[in-house]
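Labels run A, B, C and D following the written order; every chain starts at residue 1.
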Amino acid sequence: MSPPYKLAARESQPENTVIRVGECRIGGGEPVVIAGPCAVEDEEMMVKLACRLKRMGVHILRGGAYKPRTSPYSFQGLGEEGLRILARAGGTAGLPVITELLDVRQLPEVCRYADIIQIGSRNMQNFGLLREVGRVKCPVLLKRGLSATLEEWLMAAEYILAGGNRQVILCERGIRSFETYTRNTFDINAVPAIKHLSHLPLMADPSHGTGRRELVLPVSRAALAAGADGLMLEVHPCPEKAVSDGPQSLLPDELAKFMGELRATESCRTRVIA
Amino acid sequence: MSPPYKLAARESQPENTVIRVGECRIGGGEPVVIAGPCAVEDEEMMVKLACRLKRMGVHILRGGAYKPRTSPYSFQGLGEEGLRILARAGGTAGLPVITELLDVRQLPEVCRYADIIQIGSRNMQNFGLLREVGRVKCPVLLKRGLSATLEEWLMAAEYILAGGNRQVILCERGIRSFETYTRNTFDINAVPAIKHLSHLPLMADPSHGTGRRELVLPVSRAALAAGADGLMLEVHPCPEKAVSDGPQSLLPDELAKFMGELRATESCRTRVIA
Amino acid sequence: MSPPYKLAARESQPENTVIRVGECRIGGGEPVVIAGPCAVEDEEMMVKLACRLKRMGVHILRGGAYKPRTSPYSFQGLGEEGLRILARAGGTAGLPVITELLDVRQLPEVCRYADIIQIGSRNMQNFGLLREVGRVKCPVLLKRGLSATLEEWLMAAEYILAGGNRQVILCERGIRSFETYTRNTFDINAVPAIKHLSHLPLMADPSHGTGRRELVLPVSRAALAAGADGLMLEVHPCPEKAVSDGPQSLLPDELAKFMGELRATESCRTRVIA
Amino acid sequence: MSPPYKLAARESQPENTVIRVGECRIGGGEPVVIAGPCAVEDEEMMVKLACRLKRMGVHILRGGAYKPRTSPYSFQGLGEEGLRILARAGGTAGLPVITELLDVRQLPEVCRYADIIQIGSRNMQNFGLLREVGRVKCPVLLKRGLSATLEEWLMAAEYILAGGNRQVILCERGIRSFETYTRNTFDINAVPAIKHLSHLPLMADPSHGTGRRELVLPVSRAALAAGADGLMLEVHPCPEKAVSDGPQSLLPDELAKFMGELRATESCRTRVIA
């Protein structure tokens, strides 16, 4: 029986979709690392961090300008000013940038500044938003909903693909389970399952997938070992002062060390496979 | 410790919020019944059904014009034409109408035709949409998200309240659990819990909460017994031909019988309490 | 397609199974109330409470002698001495008693003192235990496992039925979900679903199903309205001093008032149906 | 605040517990692989498979003699005859053996034949069983319950440790979530979390954790990358004829290839870390 997600299905396209962003190829075999703070806070910090990330080998810079927040009283992001800061930091460091789109009305601004548009978990079934990003030429990273099945997730990707935009990147970021020790339950099964069911590239976000700094790197290693095409990581020079997601943000030093380990492992892996 | 949902909290307003819609008072003590098909399909059927519902004592007519569908290839609703049909059917029968708003750009049309705006489960944390309906004068029925905690749900209500719209109705419609026999797990605990935590009226939607016709009326009785202020029920003259949600739609005859039972129970309940 | 639970299925026996315990008939139409403390603590309290419960119309006395506790360092119950106290309290008050069996090796003692053997949630798939209680003549109340599907639960009942013991009572006590406000999520859908799928009587345990005193009675009303054959309630004269489950125990006065309401509602319900 | 699991906590013993079984050291740094069929079926197959597993580098042989089955009508295992076959196969091949204990009454037999006693998911809170295995000298592998939190799991281990048996091995085997594509959701977060919270060795069972053959090896790689001390894998020479768990059983050839990859990766990993 054919799956209901026609364009997203591996059956419809046996070879992997590879998406070029700047100099990197997402889905092209080598793991891609997206990193940055949860929210764009101030320009000086952002530029400095971006340059540091570039030097350690990070491929893409992340940072939220429009933030989906559970409470109307929490910091909601810097808005267009945040987009400008993100783009300047990326430009200075030589890194493409990704940021979240929350509302169809912000599409023009986000398109102006971002190299990849992120659709967050809470909007995975915001069908109006999906249809709009299906009409643009920019790659879209689609996060899995908090309680979305694999099929629902692929159907959400299908909305974008059916609109004509074939540059869809999936991102597993943990599901909601009964476990309370971790913020979410990173669904490692989803990694090989999605690679089996679909030709789309798949990133892993262990920062949201665990919610605890000490678990982020072990789960990052796991995601790559299971076949993920890359990682999306929160990093902050001073997590305890971060306006959001401090407890799950890595320190720049931790990430730098991990990037070194990644290069070494990658060179090993190549030899193991060869 | 004060709850983070300041305006929604029972603490901030000890007496129940009562919302007048047409002749009925939601939260006013007597159970209010909203009924209608999942989607508005054709005018003749809609008018006929509306008149039948009015005669059996239903208070408000429901019907979707913009439908959130998992698949981009499924029927997406009749759009503005659906709104017109719904309003005409309500007008003919003498029933106020409720319909779902999916996208901020449809707010003017929906406001033109609807007496209550519904925010669906998938949009419970579509914060842009919540902010917009926080600025209108129309009552808003806010469904609980598929995997939203009670606190997240009340925080979503807080977005609307904080915008200035105090006419918020909550609606429990089942949560996602491991159980597969039912479409969702109707969270009966949420009924007294929400009435305890908040002054907002609470409706129950056992159609989505169960997904199976034979369970809808028993769970409806349960929700009222637990303290819900009313019910939101899917009814269709010919469920097997419904464009969506057929298996969970009641037949008009079943609903008519239940409305009779409801009146009898209500008169008993009054005597028991008195 | 026939269900895999042959003996438990409604198909195999269209009429309801009715189980006589003392003077009451579980599944016989009138709601049966089982009440008592979580654990048997001391004899004087137990006898006094039992007499009070009898006077207010409770049908069966509950009390744990062997307690399944998450921690090896928590109070594990009084053991056989607890059984003796329970039986004496029941005898003095004129109430049959129910208590939990944890271990096959305690079956002889439990059979000696109890009128109904309870199999707890954690043992729903303790197949050795199920097989043993399938060989005795005593009615067995089988609680649903924390994350058991309806089918798994009915298959567990099937182990007992297949062993020759046809006196099985099911008991819904809440499932584990992502919600943390309540201890468990009482699955109200399960009530009409089980009555539809099986001929076995079904009790509801809103004490464990909610874990919060203020929710116990509203959910009790809901369970009966949905078709449950009775209730199993924790009650304690001094909940803040209870050795376990204090926060979900009703006060005797609350229960007495509820028993009065139940009689009034029941007489109404009879008239509504008639 | 000290954790309630005193003996299991990393705080109480900073260095890892290492458990010797035959020639291997579980928790000693090198990944240990346990493999074999779900159930012991016939002797010839078992001996042949065991020898093949030994040759490919598997460390311990698994096989169920007493099987916990959802249905009373399913194959329940060969019982003591199964234990004898397992022990003979292990003896012939030179492999220690592990098998599941379901019932306290089978403890003497299981102790006679097994090198490690397995406590299955359904019995994680069978406290009588935990107490009994706390008194023996044999290592115990304790699987996580289907919906057990990390704390409940560690508290179950505490029952065994508090009884005097310090040779406890934990085994993550997937939790129950809303996802239906996979049999369970392997909780990769649990791997580094448990290693952080406890000094006990941790095995991973991706066969049950995924329920699908094509996902078993990717999730195995992930578990080791996340820090698991070893793997427990189902393998069957002819999965489509297996009496249980065929769809999740690897073929011997698949496992052999994986064992080779594991040796290569391990030698790389050693160099990366060094």
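Note that in this section contacts are C-beta pairs under 8 Å (C-beta built on N, C-alpha and C of every residue); 3 or more make two chains touch, one makes a residue touch a chain.
Fair warning: this is a prediction, and the values are worked out from it, not measured in the lab.
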| item | value |
| --- | --- |
| Type of subunit B:subunit C copy interface by residue overlap (half), same or different | same |
| Farthest chain relative to subunit D (centres taken as mean CA coordinates) | B |
| Distance from the mean Cα position of subunit C to that of subunit B, given in whole angstrom | 34 |
| Rounded Å distance between subunit B and subunit D, as computed from the means of their C-alpha atoms | 48 |
| Rounded Å distance, subunit A centre to subunit B centre (Cα mean) | 35 |
| Of all residues in subunit C, the ones touching two or more other chains | 147, 176-178, 180 |
| Of all residues in subunit C, those that touch subunit B in their complex | 147, 149-151, 174-175, 177-182, 185-193, 196, 209-210, 212, 214-215, 218-219, 221-227, 261, 264-265, 268-269, 271-272 |
| Subunit A - residues contacting subunit B, complex | 4, 6, 68-73, 102-105, 122-123, 125-128, 131, 146-147, 152, 155, 158-159, 162, 176 |
| In the complex, subunit D residues that touch subunit B | 147, 176-178, 180 |
